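Consider the two complexes below, in which chain A is the common component and chain B and chain C are the respective partners.
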Partner chain A sequence: MTRNTEHVSEFQLALRSFKKNRLAVCCAMILFIFYAGAIFADFLSPYSYRNEDRNYSYCPPTPVRFFDEGKWVGPYIYGQTLTFNEFYRRVYQTDTTRRFPVRLFVQGDEYKLLGLIPSRLHLVGVQEGARLYLIGADSRGRDLWSRILYGAQISLSIGLIGVLISFSIGLIVGGVAGFYGGWIDNVLMRLCEMVMMVPGFYLLLALRAAVPDDFNSVQIYFAIVVILSFIGWAGLARIIRGMCLSLREREYVLAAKSLGLSDFKIILRHILPHTVSYSIAAVMLSIPGYILGESALSLIGLGIQDPYASWGNLLSDNMSIVRIKFAPWILWPGVFIFLTVISFNIIGDTLRDCLDPMMKAERK
Partner chain B sequence: MGRYILKRLLVAIPMVLGMTLLTFILMQITPGNFLDTIRMDPQVSEETIGHYQKMYQLDKPMFQQYIHWVYNLFHLEFGYSFYFNIPVAKVIAGRLFNTFVLSLASFLFTWMIAIPLGIWAALHRNRWIDRCIQFFSFICLSLPSFLLALVFLFLASQTNFLPLGGMHGPDFENMNFFVRSMDFLKHLIIPTLALSIGSIAALQKIMRGNMLDVLSQQYILAARAKGLPEDRVIYWHALRNAINPLVTLLGYEFSGLLSGAALIEIICSWPGLGSLMLTAVRSKDIYLVMANMLMGGVLFIIGNLLADVLLAKLDPRIRYDKKH
Partner chain C sequence: MLLELQGIKKYFPLKQRWGGKPSEVLKAVDNVDLTVAEGQSLGLVGESGSGKTTLGRIILKLIPFDAGRIVFEGQDITPFKGKQMRQVRKQLQMVFQDPYSSLDPRFRVFQLLDEAMLFEKEMKLADKEIFFSGLLKDVGLSADVLNRFPHEFSGGERQRIAIARALVVKPKLLILDEAVSSLDVIIQSQIIDLLLTLQKKFNLTYIFISHNLKVVKRISRRVGVIYKGKIVELAKTDELFNNPLHAYTKELLAAAIEYKPLSIRPTIALDGEFNFVDQGQEHFVLKSLGH
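Up next, the complex of A and B:
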């Protein structure tokens, strides 16, 4: 009888049980597709995010058709012309006299793929004379689908960068507070409580007020990331501190101390790695908070500014009820926010369950 | 217990001050203040501006201004709202009730639905009804409240059944009391729903977990073994113990009472503290912002204290005074 003696690390074990959960794998795939969509947004979108045509303001979706009078003619759309009805409300008439074929790999707006390679190639597009609106147009006649793809770049990256910053702060503050204890711990924890004490949304607003009005969009983007990270670190720091309080009593910490390792190295190499399994799940579960924070800020007009797109920014059109009523497709970015949030939540929950048994074993 | 409460409150004072100082600095970092805005208005005389400057020591360095604000605070003087042109206390008092009603409505709705739902789910553990509840809770937990509010507003705009935001109908002044109340309730529905759905899902989950924990305890087995009717076992022995930990949550709910609804208020144009805060921040109405933050911080401290005290009252195992 041969025994399988392969060495399996904790993470491989966790990964295996993660893979068994079909729902979680499905969510991971959704997120993968979203992030890939964000990275290649320039290529995948039919138009640039600032390609506007005021004649198509709130143009309804142009359905892609395949058959004309029962005959297969390949994908095509009809053009839309803007008319006004007796109440001066926009009504789009479908012009069925001319077909505009939807082609793959067409030349369109200029862009730089990954910020490097200049190109004009777009995955789909139609020729001049009609505009392809897969899910509709926004107020300036920009293609909402393209803008959602571009918005993903901002909305999805804010979560990652924000979590990176706030977890670095949280881990270090929590680690230092828990390792040293005493007055350092006291001061740091009171600081955390001070940040946690302010209602999150109010703090968000107050911090936003400290951002100068003349910031350009890149600066505002980073300002928002920093603001969101500033709110997020405190909760994590408290939990990490609690873990470190018990970890510092371990013998290997004593051993490291007696060997003369500096405090900083002990925290970084011997204490914080033990909080990793908790942190990974916590990272996944806190990313939605950043995405929602950005969306909330942009929604009320304090976040990413036009013409740049983020999912919250795109939703801000919805703040006027009349617009939702006559152009319900501007709710679409919300669907993407929801899918992203639920995917992160499911993955985080599953990861926590996968990592938990090991944490329990560790505690014994 | 009295000593403990006193100690907690004393520790809280420097923290609240620190938090307000932080806010003060944040509001002053960027160039320009409300006086600049007022100066542009030709109707406001130099004298008035000079008066404001003297009143709030605006010509002095920032730290001195802050000290002055704190000094005024102890005289229950919260400052002057430059945007609304009336004292801050009056501005807030006008909005306080609206926010309070909305928070209370969503609080009552959440707890009245979530607790029975959690119990029900726990009693039907792993049956299809429980699975359904858990599935929908998971979805609701991931639905951001602002999105829910937008979707509800969209549905309302399609059906014309509910009013689209605001707090009163257009003809509010001429209504009698009954019609007024109905009108008010109708306006309350959408923001309440948007606020509650996520919390119901979360609370339901906690209640279910607690109930399942308690039901697996030995004393439940003992109660069943001695032949108590199942209803009495569940609603007398199990429920009381399962609901105990939730009392802590009550305290946290309290701390979010005035600020938790801020975003929904803005979306549903509910004239509460949230939309007030947005206006204040945008117009750099510093004392209004400070008062709002102060209120949020104080409520947070009271709420947390309340949670700890309630927990100690309900659970005899918890003692804060070391003497016992």
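Up next, the complex of A and C:
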């Protein structure tokens, strides 16, 4: 009766076939780097998100140089001098006479690592007198690279927390509706339809309008998470309910019942886990919705407020074509949103294929 | 009597108006009385859709029923709910038809068996493993299967696991709902032998639900024939097979020997009033009062 010594679950088999898809693994690595960047944003960024110097408004990137007249001298940047042209427009000139070495592990703005350990250590930095702008500066002379890192903390976490909340609601509502059926199912599904009836973005705006506008940044952050989750749960609940309707007729559910397990335990152990293959893919595919939702709110000024950074409100600078022409580097947050969204989508698609081989065969 | 069923009814609504009473019903189980003595095995035979599976599920109260009483060990368990019912289910277990769907594919064998250990929370892991190994040995499997997933087993092995799971709680009554129907003939007889051995070892009472007369004949002491939700004949196994009295029983026995086209088969009507009449030697037949 012994066939092979290794006993793997279906999930482990799925994980193996996921690892074979190079594109998906690549995307997973991108996301891993992004999330790591968000977690250690304080350390990785040269400046704090609110460290501003108005003399450097829209200062172009300061390229890091290594060689001086063909000789290795280590990384350094040149200073920038601000002048105004005949239209009183800011013009930055590289001042090759002032040279500032770029140092690793320098003391800079104060922060608390992971919200706990107070520190002043930053990965890179330059001494006073010049500012290190790896990809440029924003209107108030804040380092855009630092702000993107800090913005990642908000933009990336909103997706995760939002998905967590709305999926918990969706799974429980869908699970209960599907398991019990009858009038419970009827009431819950009509509720879902009421939420789904209203077009998403208008509901987003309406709910945002219902939130007091004198909230502080933390309150706004949570308001946005709650609003986004409130919109997201209904669709999932409906699909989970459909799956549960068929799952509850399986014999192992009856077997569990006859063993004396409570309804709650049966839903948790024998019904919802079987919707996981769908749910995991759905989670991955719906996170971009939350990130984009937050970006949309912040872009039109209803989300995260200055000086706090999120990828959405960093992008709001781009609402003027003149600024994009003058300082094209302010488009960078868009690149990060794009990469994040497409990575989640590719991972979601691949996971769905791996976890549900039957569906894959059907589609082919 | 270990188990007593009194006037069990289960009607499925076919057409239902909003809030009103159903205008048409399917009488899945219609006024069934049945008794099972301890250590006995009762066979229930009937064609597909005759309500035998529904009856089995009603006994465990897995589905609600419309009328009647279930008395188990002299205790009326009809109104039992929640915790009380779960205590009773320790005594009543079920083995299902399809071993491919009665074991949750995400659980290892150990977890499958462990799930039945709901009432023995303080038992240690090592003790559990010893207990499960013994149980698996009883059903003819080696202990090293504990770590495997259901998809690694054949149908017969899976059914053995399902039987082991039902035995974890040390039940008195085991309902075997088409428990061997999905297995091939050789495995069938292996499982039946196993069931007979286990019955002796644990003093089990079986309710054996099947459409397969051969299997029922082998395992049961008494056999009930179900037709359209009613028990039409109930007698000792030999008596029933040698001397079938009801028209449907005769039909069923004939069909088991020879294939008959549907057009020749007579439809046996079950309308009007009936009475369950003892023909002597505990041989009961459903007889119409009209005659």
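In this text, the second predicted complex is superposed on the first by the 344 of 364 C-alpha atoms of A that agree within 3 Å, B and C clash if a C-alpha of one lies under 4 Å from a C-alpha of the other, contacts with A are read in each partner's own complex, and residues count from 1 in each chain.
Rule of thumb we're sticking to: a contact is a pair of C-beta atoms (placed from the backbone, for glycine too) under 8 Å apart; a residue touches a chain by one contact, two chains touch by 3 or more.
Every value quoted in this text rests on a predicted model; they were computed, and no experiment measured them.
Taking chain A as the reference chain, the count of touched residues is higher for B when chain B and chain C are set side by side.
Of the two partner chains placed by superposition, A:82 touches none, neither chain B nor chain C.
In the superposed model, A:258 makes contact with chain C only, not with chain B. Contacts of A:250 after superposition on the shared chain: chain C is touched, whereas chain B is not. Contact with neither chain B nor chain C is seen for A:161 once the two complexes are overlaid on the shared chain. In the overlay built on the shared chain, the residue A:123 is in contact with neither chain B nor chain C. Contact with chain B, but none with chain C, is seen for A:315 once the two complexes are overlaid on the shared chain.
By the document's definition of touching, neither partner reaches A:280: not chain B, not chain C.
Shared contact residues of chain A, touching chain B in one structure and chain C in the other, are absent.
The part of chain C that touches chain A in the complex is made up of residues 57, 60, 62, 82, 85-87, 89-90, 92-94, 96-98, 101-106, 108, 115-116, 118-119, 141-142, 144-145, 147-149, 151-152, 157, 162, 165, 169.
Of all residues in chain A, those touching chain C in their complex are 1-3, 7-11, 250-252, 254-262, 269-270, 273-274.
The touching residues of chain B, counted against chain A in their complex, run 14-16, 18-19, 22-23, 26-27, 29-31, 138-139, 141-144, 146-147, 150-151, 153-154, 157-158, 164-165, 256, 258-260, 262-263, 266-267, 274, 277-278, 281-282, 284, 289, 292-293, 296-297, 300-301. Remark: chain A residues 190, 193-194, 196-199, 201-202, 205-213, 288, 292, 295-296, 299-300, 302, 315, 318-319, 321, 324-325, 328, 331, 334, 337-338, 341-342, 345-346 touch chain B in the complex.
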